[in-house]
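What follows is a set of structures to go through.
Next come two complexes, and both contain subunit A; in the first it sits with subunit B, in the second with subunit C.
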Partner chain A sequence: MSEDLKQKIIAYIREEYLEDDSMVLNENTPLISSGIVDSFSMVSLKMYLEEELGIKMTDEEASTEAFDTVNSILVLVGKKLAGKK
Partner chain B sequence: MPSNIGDPEARRRGFAWKDARRELGFPEGPCNIGWYCSDRISELGMGPKLALIWEAVDGTIRRFTYDDIRVYSNAYAKYLLGLGLAPGDRVAVFSERVPELYIGIIGGLKAGLVMQPLFSAFGEDALEKRIVNAETSAILTNRKLTFRVRKIRERCPSLRHIVINDPGDLEMQPGEVHFGIDNAEPVESFACFPATEETPSLLHYTSGTTGQPKGALHVHGSLPAQALTTKWVLDVRDDDIYWCTADPGWVTGVSYGVIGPWALGTTQYVLEAGFIIDRWYKAIQDQKITVWYSAPTAIRMLMKEGEEKVKQFDLSSLRHLCSVGEPLNPEAVVWSERVYGLPFLDTWWQTETGAIQVTNVPGMPVRPGSMGKPFPGVTATVLAHDFTEIREPNQQGLLALRPPWPSMFRTYWRNESAYQSKFKNGWYVTGDRARIDEDGYFWFMGRDDDVINTAGHLVGPFEIESALLEHEAVAESAAIGKPDPVNMEVVKAFVALKPGFEPNKKLEMSIMNFIRKKLSPLAMPQEIEFVEKLPKTRSGKIMRRVLRAQELGQDVGDLSTLDDN
Partner chain C sequence: MAYTSAAREQFRSTLKDVREAGLYKDERYICSEQGVEITVEYPRGSKPMKVLNFCANNYLGLSSHPDVVDAARKGLHDRGYGMSSVRFICGTQDLHNILEKSVAKFLGKEDAILFSSCFDANAAIFEVLFDEKDVLLNDRLIHASLIDGIRLCSAQRDSYKNADMAHLAKKLELWKTRARNICIVTDGVFSMDGILAPLDKIADLADEYGAMVLVDDSHATGFIGKTGRGTPEHFGVMDRIDIITTTLGKALGGASGGVVAGPREVTEMLRNRGRPYLFSNAVPPPIISAALRVIDLVSESTELRDKLEWNAKYFREKMEAAGFNLVPGQTPIVPVMFGDAKLANDMARELLGEGIYVIGFSHPVVPMGKARIRVQLSAAHEKEHIDKAVDAFIKVGKKLGVIR
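Up next, the complex of A and B:
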């Protein structure tokens, strides 16, 4: 998975979901469990990923666990991109 | 071991609310909720007992005894009055689930302040409207949410004090102060405000079909209802570890996440983290949770994850499960009995009622899908549209309650006419529709208005539509509740665009995120349908029922008032 994609997702989350600019956000920062993103907000994050990467995720795949860190999102997205090839 | 309620039918026959304090062993006289939930417990010799087991997002555990709750809530009470606040002033609590949230509410109540819980995910508009309406004087918050408070501060002239419990290296702005458990001096004794039964205690905002959210004002006299329902419905006992998963930004999280359990001297657990299935099950296992009060949306998400996940944890400590927020579908009751060995008991109530009204209780045969029967002391019925009682069983009508009851709201803040409009022919009309079967069990049938119930939270379509119109691309809009297998309903918006804007995914995302930030993630449309125009009456009122019927593939009904130009 490219570093570019990771940074792109982090930048999107920082732009859309974070209000405290000083807050550390990296690939391991909990998103759902820390309340940065919740199960409702996840819909727009999922839509962003689908639109940006040209993939489709089912509701079962887009679980709160799968979206809890940028790393776990990358694992899911990686599988979907591999399936496209 | 017998349940606290004993024989439910005998209780229903022999109980009146005037007996509640005696039943609970509560002393007569002034009834400050803060005192009942902390000082009184210490005076009973239970000061060293654990009141709160709090688990942070990172897994750190902090434990607070009843003595801790007493001295730190005293500290909050003293500090807030020291800021110049006076009994009756509104103090908002806008915080993530940290100990200061729970203890701050108790402290504010001790000082006679009217505590105003606000959901931590509220966006700027939602926050501003509630603060402006209540003329809130102070807000208890934490660092992360301070940034949102700052954005609305200038538009909220009444807001004089921002009390931040964990500012860290934040550069404080005028009016912002640092006060939390970490820097508070424990205060051994505090003379609580001598609240009477009618002294205002809490201001909970709730949504209706029309207009902006309304503040349901509650009073200290609500306590016996919250305490007795905790004892008889949630069945908590001295040795229980109780977990109410509701957020104290909403009424359940206060009535049953602060007041009910602490009035009974219960040990309760709080998880700061958001909903992650493994964390929830691990919490039950590690903390040996015995009584679990949760919500249908969460239960359905647990169901989706399946039984294999359950088998990875030892959940044998559980002995009693209850649910609230929206109707609990029969499948969830059957599933929980099979998987956890216990059925979830559905309970029904709402912001205005302050405490459980119609409910299943221990010892009563559960009919999966039913809300249960009226709690002892509660008279409930269904009404026809002329507000007369429907006597025949299984006829659908308006669910109504006979006032008064102790935890009944006393008004909508500065909106007495809206309050009065809820009472018809001697009944409080709830806005829900129900039927009563031949054995007296109540069955929820739906809402009687356009309010959207998503994941147990009511969202007003008008509030969403108003906010949508502030987006640069939106010419007109309508919001409805779309059935959803997990959340009961989710918000769906119909949007007609202004000239020059084209419907596409990017615009859809832009509108969704716009609403999420302005109102809350709950109000964010999960789906947007772009339309040329919306169905309206000739007087210009949007006909949501037409959109809803079209969405559900149902007959759209009478269209004689539709403006088809």
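Up next, the complex of A and C:
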């Protein structure tokens, strides 16, 4: 998984969800369990990933666990991209 | 019986987690009518004590207002206690219809429909009006009932940062060619911060993108705006907000009952397809009768909302002068910020000892690190009540090192 994609996802989360620019956000920062992204507005992130990567995720796949860190998101989209090839 | 010991243990373990996280809701017993001067038994089993209530949604002081109680009594006497039916079978009295017309007129809408609660109104509306061809764009701080209503509906959904118009514009741009109907969903007043949604700007964006606007004005109807018509009146956009949902359970008497007010097709759709409307009992006669009196009271005079406005301004000025950190605003919801959850709860507990009943709010109800006491003013508060509350805040605030 490219560093480029990781940085893109972090940039999107920062822009879409963070109110405070000074907040630290990296690939291991808990997103859902920390309350940065609530499970209800997670839909924006799912839509962004689907459009950006040309994939489709079911609601079961896009679980709150799978979306809890950028790293876990990368694992999920990695599987989806591998399945596409 | 299949309530197994395993199930019991599972639920007990969950409750233990809730307690350990400091999230257990411990109810205080009030042994008097609702009002400013109440008698509270807390902790449970202790001797009830007289305190001043600063945490009710009793904005206009109508919960135990003599005119409202008399009207409820008359309703009970003339029309009985309950309807024993849903509306469409045999649960609609003429007074239900009169109240719906009266609320619609008060809010400047074509029609209105009553529900058992505004939670039910919000649970009903989205599923009835929207499907997968539509999108709902909600403010991220909307009330839990709107969130549940949206969850029950098959429409696509997206959200924008609280009251952030640039973010909302971006979302409207994103969705403008991807949905049949776009509906912007917001609270009129956000209940934890006491701030107003910028409905004038929301209406402008809605016009630009051909979107509908739905506002839950539960913490505004009856007192926000020069004549208490709510947040749309405050922003001068009463004719530009399509649908208002609101409650009879706060300023408008504080009993129960919810309302959807808007275009006639919307209320007709709800009468025919709204599940919480079709499958739960009609609002009972005493509440209908009292609510009719409440609508008269708030339509005839602005005295109560004017007094409430003065009370909120006076409390804010005194608290700011004392050095407390408040969320700025113009509503009778005044959040006093402490940051730390323990500090907010300690303050609330000590204030109760001083005869002031307020509650500390912390994560997950409010964001982490933004714990607060939410003070709610009422038109039933007199100046001396507010002075007493401010004096108690100062005394306890000094004791706990919040202010000098």
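The rule is simple: the second predicted complex is superposed on the first by the 85 of 85 C-alpha atoms of A that agree within 3 Å, B and C clash if a C-alpha of one lies under 4 Å from a C-alpha of the other, contacts with A are read in each partner's own complex, and residues count from 1 in each chain.
Everything that follows uses one rule, which is that a residue touches a chain if its C-beta (ideal position, glycine included) is under 8 Å from a C-beta of that chain, and two chains touch if they have at least 3 such contacts.
Remember, it's a predicted structure, so these values are computed and weren't measured experimentally.
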- Item | Touched partner set for A:E65, first subunit B, second subunit C, both or neither | first
- Give one of first, second, both or neither to describe whether A:V43 is in contact with subunit B, with subunit C, with both, or with none. both
- Which chain, subunit B or subunit C, is in touch with more residues of subunit A? B
- Figure out whether A:G35 sits in contact with subunit B (first) or subunit C (second), or with both, or with neither. both
- Which of the two partners, first being subunit B and second being subunit C, lies in contact with A:E19: first, second, both, or neither? both
- Overlap of the subunit B and subunit C footprints on subunit A, residue-wise? 19, 34-35, 38, 40-41, 43-44, 47
- subunit C-facing residues of subunit A, complex: 17, 19, 34-35, 38, 40-41, 43-44, 47
- Within the complex, which stretch of subunit A touches subunit B? 16, 19-20, 22-23, 30, 32-35, 38-41, 43-44, 47-48, 51, 60, 63-65, 68
- Query: Can you list the residues on subunit B that touch subunit A in the complex?
  - Reply: 57, 96, 120-121, 143-145, 147-148, 169, 273-279, 301, 304-305, 454-455, 505-506, 508-509, 512-513, 516, 521-522, 524, 526
- Within their complex, subunit C touches subunit A through residues 140, 147, 150-151, 157-159, 161, 363-364, 367-368
